[in-house]
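Structure below; questions to follow.
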Amino acid sequence: MSGLVLQNVVKEFGAFRAVNDVDLTVPHGTFVCMLGPSGCGKTTLLRMIAGLDLPTSGAIRLDGDDITRVPTHKRNLGMVFQSLALFPHLTVGENIAYPLRIRKAQKEEQRRRVDELLSMIHLPSYADRPVSKLSGGQRQRVAIARALAISPKLFLLDEPLSALDAKLREAMQVELRQLQQKLGITTIVVTHDQREAMTMADTVVVMNGGEIRQAASPIEIYRRPADSFVADFIGQTNLIEAEADGQGRATVFGQAVAGLHLPPGARKATISIRPEDVHLTAPGAGALSGTVTFVRDLGGTIETFVDVAGRQIVAVSTPRARPEVAVGQPVGVALTPDVCVVLGK
Amino acid sequence: MRREPPKTFGDYAPLLFPAGMLTIFFVVPFGTMIAVSFFQRQQGGFYTPAFVFDNYARFLSAFFGGVLGFSLMLAIAVAVCCVVLALPFTYLLTRMARSVQVLWLVALLSVLSLSEVIIGFAWSTLFSRTAGITNVLVALGIMSEAKALTPSFAAVLTGMVYQAFPYTVLVLFPALVRLDPTLTEAARTLGASPLKAFFTVVVPALRNTITATLIMVFIFALGSYLLPQLLGRPQHWTLSVLITDQAIYQSNMPFAAAMAVFLVLVTLGLVALTVVAGRRGEAA
Amino acid sequence: MTAFFRNFYFFVIALFLALPLIVVAGVSVNQKQTLAFPPEGFSTSWYGEIFLNPEWRNALVASVTLALFSAALAVAIALPLAWFLWRRVAPWANIFQLLGVAPFTLPPVITALGMLTFWATAGFYGQPWTAVVSHAIFFVTLPLVTLSLGFTSIDRSLVEAAATMGADERTIFRTVVLPLILPYIVSGYAFAFVLSLNEYIVAYMTVGFTMETLPIKIFNALRYGYTPTMASVTILFVATAAVIFGLVARFGDLPKLLGAMASDGK
Amino acid sequence: MKINSIKRRTLLGAGLAGAAALAMPAVLRAQDRSLKVGVYGGYFKDSFDKNIFPDFTKATGIAIESVAEPTGEAWLVQLEQAARAGQAPADVSMMSQVAMLKGQSTELWTPIDMARIKNSSYLLDRFINKYPDGRVAGVGAVSWYITLVTNTNVYKEPPTSWEAFWDPANADKLGLLALVSNSFLLEVTAKTFMGGTDALDTEEGILKAFDKLAEVKPNVRLWYRDEAQFEQALKSGEIPMGQYYHDVTGLAAAEGHPVRSTFPKEGGIQDSGCWALSRASQKVEEAHIFIDYMCQPAIQATLSRKVGTSPTVKRESTDLTDQEFAAVSSDIEPIIPRYDLYQTKSDWLNQKWTELIVG
């Protein structure tokens, strides 16, 4: 099949298992973001895909070919490093032309391609500048252009935007996504910024402890997190312990919640409910009762922190869709059963 | 790039030439020297192959112990003087305008090309009674009568510091020029005077570099055999002088080799000690 | 106040460095063949002597040739070694690093005698190239140290980046590593060159009887009579060094060559 | 370039050698007769190159390649190490007496066939250096005196005796040679205070001499190894008294420097150098011709006049005038160094000496 396939990939550093039995299929042309806290193994996985590290066991296939042991320089990759790794001894143009020069492309061809890429990244006429004279965002683009110079089969980016300030980063995320869609190139980005992943990816791969916890579209990940780690890592959420009452219903904090069911046979489960799905009501009225402890008014939205039986639940709502409550006031918390996600272990 | 153990012959290939050269042209000659240090000295002649400890036994006397002690002390003194002089100098230099830096670096590199003989000659002239600096001091009315400052320990020390100073600066330069300037700025904002900032921030931050430089100058000074002769009295002669004496003037190669082996061992021991102490200090 | 202090400090150092040069320069213009200081009379003939007297001229040529080749060989030994140690995980290879540093820690006379015995036994004793090899081994420490320092300053991701772009090991070395390490090669070479130029005992013990280098000649002068020529040669050397390094500074980045990062790197 | 020419020469040589083996080897050998001769570098070598070697080549057809030796001792080490490997950096070398004895112990010197040295009859007996079994190891080349030298600005009147070294008035004013085996101060002490160098026959005698010599220490400013170091200081008056070479001092005085050389009443120290042939040398024939040539009274006289050395041949055989002779020597009975001690007791003497001056 066309695309990238990882099969049972394991990477051990001494006694430490950095990547534990990872299976993943990335169809041709998709944009994948690997997301996870630092040390989760996402960069190691990317380096194995690039051939910079060799898996301890398992296989990596690209378009049907086993490339597990193919040396990096024969993989036809484009990669952007966290440090960008622009060659300080070369100019912008020479940096971009580097992969073409390695492949002994004609000088003329090199120049044409460099110009093309420079205009693509909106830096025309920068070819003769030394790399050191560029701003952070410009370096970023040069690194991207350089990685794309040979129209690689795989486009790999390791925390590519982490050095940029927030505003520039958001703009670059959009730009990068648009570029990838235009070129239709299989792209894998490693990031620890979930917002970045949500913005760009077709598929988000959430990793923790060397394992893939969930690989799905951003909205799926958000709406249907596979486990409490994913639920907690992606966006804000309320994790609530629920117990079965023996009649197929679930109770939360000792109060039954109508319409909420746990999987058959489960005595206990954790449910996740996003703050925007938590509705505040008047006390009583079939809702959980709690006390407001803190209100954060962000203008566009209001976050209300409610203490329910000693646990904190956050509700987010627009100013109008919310009762006027103040700190210390009792309030009702309504959980809509169909947006509650019962998490697997 | 991931560093991985070499596997194929091609991976080892770069090592072949250096390893071969060092083995053939250093290990073999030095091994010969070690072997010779156990050979039997023929009085008034040369030596015959044997395996005796006489040469080491002869060395283990109060007299040679004293000379070794003096050599080490001198080398340490030179190293300390050089670093004490060169560290603030280099630090200030790296904070100066580029053109000034370049001027000084060119000057230092030029001074490097002075031969040891010339340095010895120049300083013995400068320290002499007849043409030396004391005459200037007399002319300025600071001293009443010109006098000779050589031979003396101070003269030896001056000559050797002079010789090692440019090296010291050049070794310190890279580390100091790369030192994050915000470090001292931070210290200044926290209320440290420039001098205090230098001693509380720059010096500790450069501890490893300073240690490495001390070791380098120390070793450099330990090998010096000409300046102590030209500028010092016999009691200021280093072990290197005696080694040269034994090897060349007494044709006593076994004894010279034994002293050299001993000197190298002591040197390596001291270097190792310094490194270990440095590591421990760091860990603490 | 601090500025005054600093300037005073720099002045003292400058004076310290310059004093011997003043003496040597003064001696070199003595009219008669004597090393009087302050000079008696004035004559620049001792400078002419360097080039007109075939012995001094030959010694000059021999020294410069020896230094050129031995420094090159020292770099040729140090470069692959430093590269290998940087590139590969091979703890046992550190033994060669140690071997590379060791010659410099030996008393020079021992290195010299070891070399003398070695070359005599090998049957090449007295061949000019044996001095080149001996000096290269003796001074390999300097390029090895500067190159090791240089390699640690190379961002490994640059090498990885080159690999992802299709460069194999050799190409990476040629197009990325070499250009980046070049400044350190130059400074390592320069150190070895200058030291070789001034080295006496090893040169004497290996080729002293077939060719006379400048230090040997100056040493002989120490033994058999000072002559102002040795002072004039010294001044010529210092001046040449100043011109060479001045040119390097004019057309290159001297502080960077000596280990400073590119001024705009950070 | 060099490599090319060497290659060509070897090729040429091989070709010629092949041809020669067929025809007349003797002629070929005569054509490239040459000899490498080691003499002390600097002034000595310059003088020999200018005044002696060209005439020799003219007279014998043997080309001389002169090699600069730094000191006899360093050269000895080189000759010895090279000879072990079958090489000879020089065929014939001028060697000091102590170096001669050291070389004897390893059979470094090819014995000289005195029958082929016709001019040896002129030699003074003490300048023929023999192996213990009577074979001749070296033949006197030149001799020279080490005398008591002073700066004339500081010392208006010349000292008359070596005792001046012991005079407390000369505190911190002396420059003496730093090695036991080239300063010969033990002999000076013995001759001045102990009735002659025979006093050094026993270890007690030597120790007594050391004790006496220890009294000189406070007067010594410089223990020098390299002559020029002292010469400079003597000329400037920095170190106004010491022991130094008679010939060189004479030259300096002639150039107008305020120095003088005095033969003390106990005599100057007469040291000498021998021509010796390395056992690794193949040029035995040429070496004998060279040594024979150098023993001619006329050559010795030329050396006295041009180099300033004292002749090794009987004075009567030379045509030196009284004045010329006085310039290089003296009629006062010289102190002849006890070279034998520096071989049989070398390490002990050296240890004692080093402890004396360093301690």
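A, B, C and D label the chains in the order they appear, each numbered from 1.
Here is the rule we use: contacts are C-beta pairs under 8 Å (C-beta built on N, C-alpha and C of every residue); 3 or more make two chains touch, one makes a residue touch a chain.
Treat the numbers as computed from the prediction; the structure is a model and nothing was measured.
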item: Smallest count of steps, each to a touching chain, taking subunit C to subunit D; value: 1
item: B-D against B-C, pair bridged by the larger set of C-beta contacts; value: B-C
item: Chain whose average C-alpha position is farthest from subunit B's own; value: A
item: Centroid spacing, where centroids are CA-atom means, of subunit B and subunit D in whole angstrom; value: 36
item: Between subunit B and subunit C, centroid-to-centroid distance (C-alpha), Å; value: 16
item: Rounded Å distance, subunit A centre to subunit D centre (Cα mean); value: 89
item: Distance between chain centroids, defined by C-alpha means - subunit A, subunit C (Å); value: 55
item: Residues within subunit D bordering two or more other chains; value: 71, 74, 77, 226, 229, 236
item: Touching two or more other chains - residues of subunit B; value: 1-2, 131, 247-248, 253
item: Touching two or more other chains - residue numbers and ranges from subunit C; value: 35-36, 113, 117, 160, 163, 219, 221-222, 226
item: Complex interface listing, subunit C residues touching subunit A; value: 155, 157-158, 160-168, 171, 175-176, 179-180, 262, 264-265
item: Contact set on subunit C toward subunit D in their complex; value: 32-36, 113, 116-117, 120-123, 125-126, 128, 204-205, 208-210, 212, 216, 219-226
item: Footprint of subunit B on subunit D - complex, ascending; value: 71, 73-74, 76-77, 80, 101-102, 104-106, 178-179, 181, 221-223, 225-226, 229, 233, 236-238, 342-347, 350-351, 354-355, 357-359
item: Residues of subunit D touching subunit C in the complex; value: 2, 38, 40-44, 67-71, 74, 77-78, 81-82, 84-87, 89-90, 226-229, 231-232, 235-236, 248, 255, 257
item: Touch list for subunit B against partner subunit C, complex; value: 1-6, 11, 14-15, 17-19, 21-23, 25-30, 32-33, 36, 85, 88-89, 92, 94, 98, 101-102, 105-119, 121-123, 125-126, 131, 133, 162, 165-166, 170, 173-175, 177-178, 194, 219, 222-223, 225, 239-240, 243-244, 247-248, 253, 256-257, 260, 263-264, 267-268, 271
